[in-house]
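The first chain written gets the first letter, and so on, giving A, B, C, D and E; residue counts start at 1 in each chain.
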């Protein structure tokens, strides 16, 4: 099977004064059709930047993005809107409040992409489709006339999901879709997402910093640190035997209820700056409990450690 | 909205005042008790009386009638000037805020240049150079107000350029122009409306100031600023009513616009919406 | 006598749209050296409670009944100057979102020194020295230089450490931590919590840890109080609470939280949402969401005190 | 502080195009003025010929671009030409009159600040209370009055009716003699030289016009203080300060007000430039020998050089003002200072 | 210095030059020059019917020249006083006089123009015979030559002092004298802040007349008329000048201060019509307008009686004076009839131009005129021309209808008509009026020596001016000054500036 999304050596740098901020640095990844891939990493490591490039609202500095065998990375974001692929990559945003136009009703929010990307519609046809979508995400039809500020967080999240599903995408990118929600609402949304994937066969790229959530929803996980992928692999494998010290620290930091809880990895020191980072030094160096000499002279490459389990570390753990 | 009005009687008052001003502007000539232009030197400079509630001016014209009739012109000047600066200012601002880069710098330059003039003096210069017609007063007022809209629209647009809903709109297949028109603009409108109502007041004041230094509309057209300016010379000699009444009405109008701005702010503040 | 005793505290907010009954009949106590966790969904009144204890409630708040006793002194009856003496000296607080909780335009050392000057009866120079010392204690590298830095020059984790230094400057007897780690990365979060725990242990300081992260509470607290819509619905020693939740809300809260090892199917969302705290409320504020609801619940929850310090406010506890 | 120096340099450089644009626009605008200075200054009985002669003398017979180049050349040498109505070099006129305007504006601003800061703070600490409402009404009223009307009213009441204020006739009454010029600000100069009678006289003359300006500036400053103070008071770090048991005064002043001042400072800059405009009217009412009244006279007389000089001065002042605000901002806010 | 020896004066706008010869010297400079410089001769004083003082244009008296006589038919010799000194102490000599006279005919502009009116045109005319004798050669016999030497222009400047500051570009040292006192008059400039105030101090060595009483004069600019009024009313200043008529009227009535109003000689406010601009080329239209003007309203509501009406007079002139009341009166029926006869029964549209520089008078007048004309169907809009542009507008001569004033310094009707009506089309003939017959009469009268003939000529052209009405006379305005009751000796002068030398305080 060919990957639905295939990203090679993608980079995005932002100018900061005279220097460059390497938000995303030579990232390669792929998503297979029908697969759910998790993307984790700490705040500011470039998850959103990556995702915004993949959804083609942000232009990459370098690298290629192939979607369904077509190279879409070079199409300027403004023009991509007019290509047929626009409908096929959709996204659910982190903050359900901020991502809904406060002056659009729930109906308008869901109908907007339909009007632009599908159609033509008759008024009745559009209404039927919107109600259909609302039903799919479990949003009561009577709420469609409301404005975002009149909806609860969970309801807003559903509007966002319905909007993204409207154009029948093949790849759905979810940028921390539940981090602004309460646990009880989060549970509802997670179940909904999982259910939808099973029913519609859509591929997910699920961004989060909550490993527990990723583990619940995804088959494969990619761990990012400061613009780089440090580890990737099947969820089970990564969670059971994290090979990168950062992943390990991440996992061990999850508050456990005293049930399991292996030895905790303490991270000390400050993260390196993403501005003009040295290409020779491992990004994790300085915080890494294992830091070796090689880490300062050579950037570790991703290496295959087992079935699809790859890690970028000179001294992988076991 | 009804809720805010009920909560805040001052704002409600401002709305009533605004409605009154509009009514005056529309029907002023019909309800004015006297011909505002008819002079009668026999009754010149009479203090307020039952016949002439606001007294008469130096040519014996009825001040009340002049004040009423002037409402139309003053409102015209204010509305037209503000409309012009709003349209062009927000257009420039939105473009600058949206595209950033060179466009932003170019527009910023223009706006900075306007701002670098002492604004009232710029208005004076424009009216003096082009002639003191109503049209030119409106243009001058519009030009000096333009930077405020441009800056505000720029800031508001800039703040929303990367907002989630804008990105969502892009994902939904909206073109830039469409996003600007349908998504961004309606959202920056409310704060701009507050500015509009404040500016309506400033526009009237500006026109009045121009009148005061002799660059206002042509006599004998009644206009509040001119009436105050004319009346100013009579204050010391004790004929206070000539300047006072138009001054009060002018003040009331500006006051009303300003309070309206406050009220609008309350109404459009999403936290106050139910 | 416990260090802090909250007795039947009820607190209301006067707002434009009616009275918000934010706390009702809340009774809690914290002993010296103990860590009490307070958990619950967003809006359940956790922050309101902590502010009430610190006496920094919003101006719109009124306490309609109850007492808060700190070492026997009724804080609600104490004069403002007495409170000022206590605050910062005897009891201190650290807040969620450390970046915004520090004055952005004052060097952090100065902010710590301000508190010391107020309470410790030291000179300005001494206060400054002590501030540096405190920064060192919370393991901020290069404390001398950092004392002159501004919050925006520091990472979130460092700001939180400054907050802790600020709170602990006068060696208080009680520390209230209101969601001290939300918004921080999991790795940082662990480090911060370790630090708080350590410092508390060193000086036998009592801690009131407020969080909505059950995992965090489980890991760090001796006892946990569960709040729902302004009520304390259950208080129990940590292990017992998780092992044997008695209130249906507690049970649901636990089962709705993703945790390692659990599957998506095991997530059981809590139906409905927190009731609107304005206007008339059912005596049991959970009754509308409760799967065990029965008519007798309308008579109001029965607080049941258990011999080993457990409390549950429910007619039909598990 | 090299950061500051580079900031200043960068700002100045950035302002150059604006200043250049101002020079061009002003030049074009003044040439578009309907008056014919040649005819005006040719005297009461000139015929077409003598007007032409004057025109030649003034260099107005040359094509506009040539005139513009000549103007630029003069500017480059620091020459702003000669005013025909006062007969003085424009630079001398402006130098002599600028302190008067600036002193007045600063006093107005100081007066406004003295009222609006406490008022805004009081309103913000008790939103919805009568203080709040009063602040709103007072400040709105202040900005609703045309400045010239306020000025006239004040003169009528305090000078004509009550006799409390001195006659509105400029910076000093007729009996006081001007202090030795050091800064040009009478208040400052008289204090430096110890002429206390003059100080009193100058202060007395300043009260009404400064009040007029101050009233006008009250509204934006009070509003901004209130709004920003409200925002700051609701922010997290104030809660931290309170939780730290800091005294109410410290919390209000050291923590809240200093932060709230940031937007107020920005507003201050805008208000200052507004006031410089309003000055034009106030100076006329109070016979204040500042550059505002100078500009009006010149404008009405189509006296190009002073109008150009005036606007250029104002533009430079505006740039300088913004620079000062930036620096002030940097002093208050370390984020600006360090990131600059 | 005692308050009694200081005079505080407020004026609307102050001088811009200390030298009347400089380009752009404004009217306020006449007064400064009048007081700080001497001329060869001056005018005496007379008491008016109302008890106020006025200069006497019939009485020419010595100032710097002790005496003068016609030493030939075409030559006047002036004998200068020998003790006169400039402010810097150098004696005043005929050389200075010659230099000063050369200067004013050479600099061009207004001074040259004004001297031409007295046939003083070329440097060759002026001869310094010896240190104290100065001779003027006459180009022609002109009755205005001697009177013209008493106007503010022919001042005697300190030539040596100025020459020190002259440059190649500026041989007459105008730039310097504009800013500095180079005189020998009764007052010297103590300090001057342009646009703010001028302080004059008495020159104690002044010899050309009795030493003035006032030791110091402070002239402060106060643009606001209301303030000027308030200041004098409250006694804070001694003399307030440039008062609007209403304030003068009320102050006079109020009795707290003394108001002296003197009709300005040889002056007239009028409604002018561009006779080359249709339909005002039709005399009937002009007459219609003249009959439609609201004369009395203007007297009441605009000038508040501080003027002499110039309407409702006899049909033909009775005296050889100017101005005198015209036969026109407000008569709408007649106006309508005339307009219909002219072919405009329904009126027409036009524009009234006024000078914004004098808007306080011209604007209400224009408003009343506009309203009045409206009643006979003439729809007029008012165009306020900025003061700066007024002269240019006058020069262009394209204003169909306008309201303005003109006054001549030298009080002779022929002088007025020569500038205001003569077909040579001077600036002041804004109407572009040309009537060869009138021109003949005017030209003849200027050099007429026979009193009877002169009277007939004057009556002749006045009558023509009435019949053709290129300008419809409105009123002769007062020059008003309000002063404290203790101010004595204020005298009206044709140049409408204050002569401080005669003033004292009691």
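Here, contacts are C-beta pairs under 8 Å (C-beta built on N, C-alpha and C of every residue); 3 or more make two chains touch, one makes a residue touch a chain.
For clarity, every value in this text was computed on a predicted model and none was experimentally measured.
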Other chains in touch with both chain B and chain C: A, D
Shortest chain-hopping distance from chain A out to chain D: 2
Inter-centroid spacing, chain E versus chain C (mean Cα positions, whole Å): 90
Cα-centroid distance, chain B relative to chain E, in whole angstrom: 45
Chain A-chain C separation of Cα centroids, rounded to whole Å: 32
Where chain D touches two or more other chains, by residue: 33-34, 152, 155, 160, 284, 300
Two or more partner chains touched - positions in chain E: 226-227, 230, 356, 386
Multi-partner residues of chain B (each touching 2 or more other chains): 128, 214, 232, 235-236
Chain A residues within the chain C interface of the complex: 42-43, 152, 154, 182-188, 190-191, 194, 209-213, 215-217, 239, 249-250, 252-258, 260, 264, 266-268, 270-271
Chain A-touching residues of chain B, taken from the complex the two chains share: 163-165, 167-176, 183, 186-187, 270, 273
Interface residues, chain B side, partner chain E - complex: 37-39, 41-42, 44, 58-60, 128, 132, 214, 218-220, 232-237
Residues on chain A engaged by chain B in the complex (per definition of touch): 52, 55, 57, 77-78, 81-82, 86-87, 89-91, 93-95, 98-104, 112-113, 116-117, 149, 160, 163-164, 167
Chain C-facing residues of chain D, complex: 235-237, 239-247, 250, 254-255, 258-259, 332-335, 338
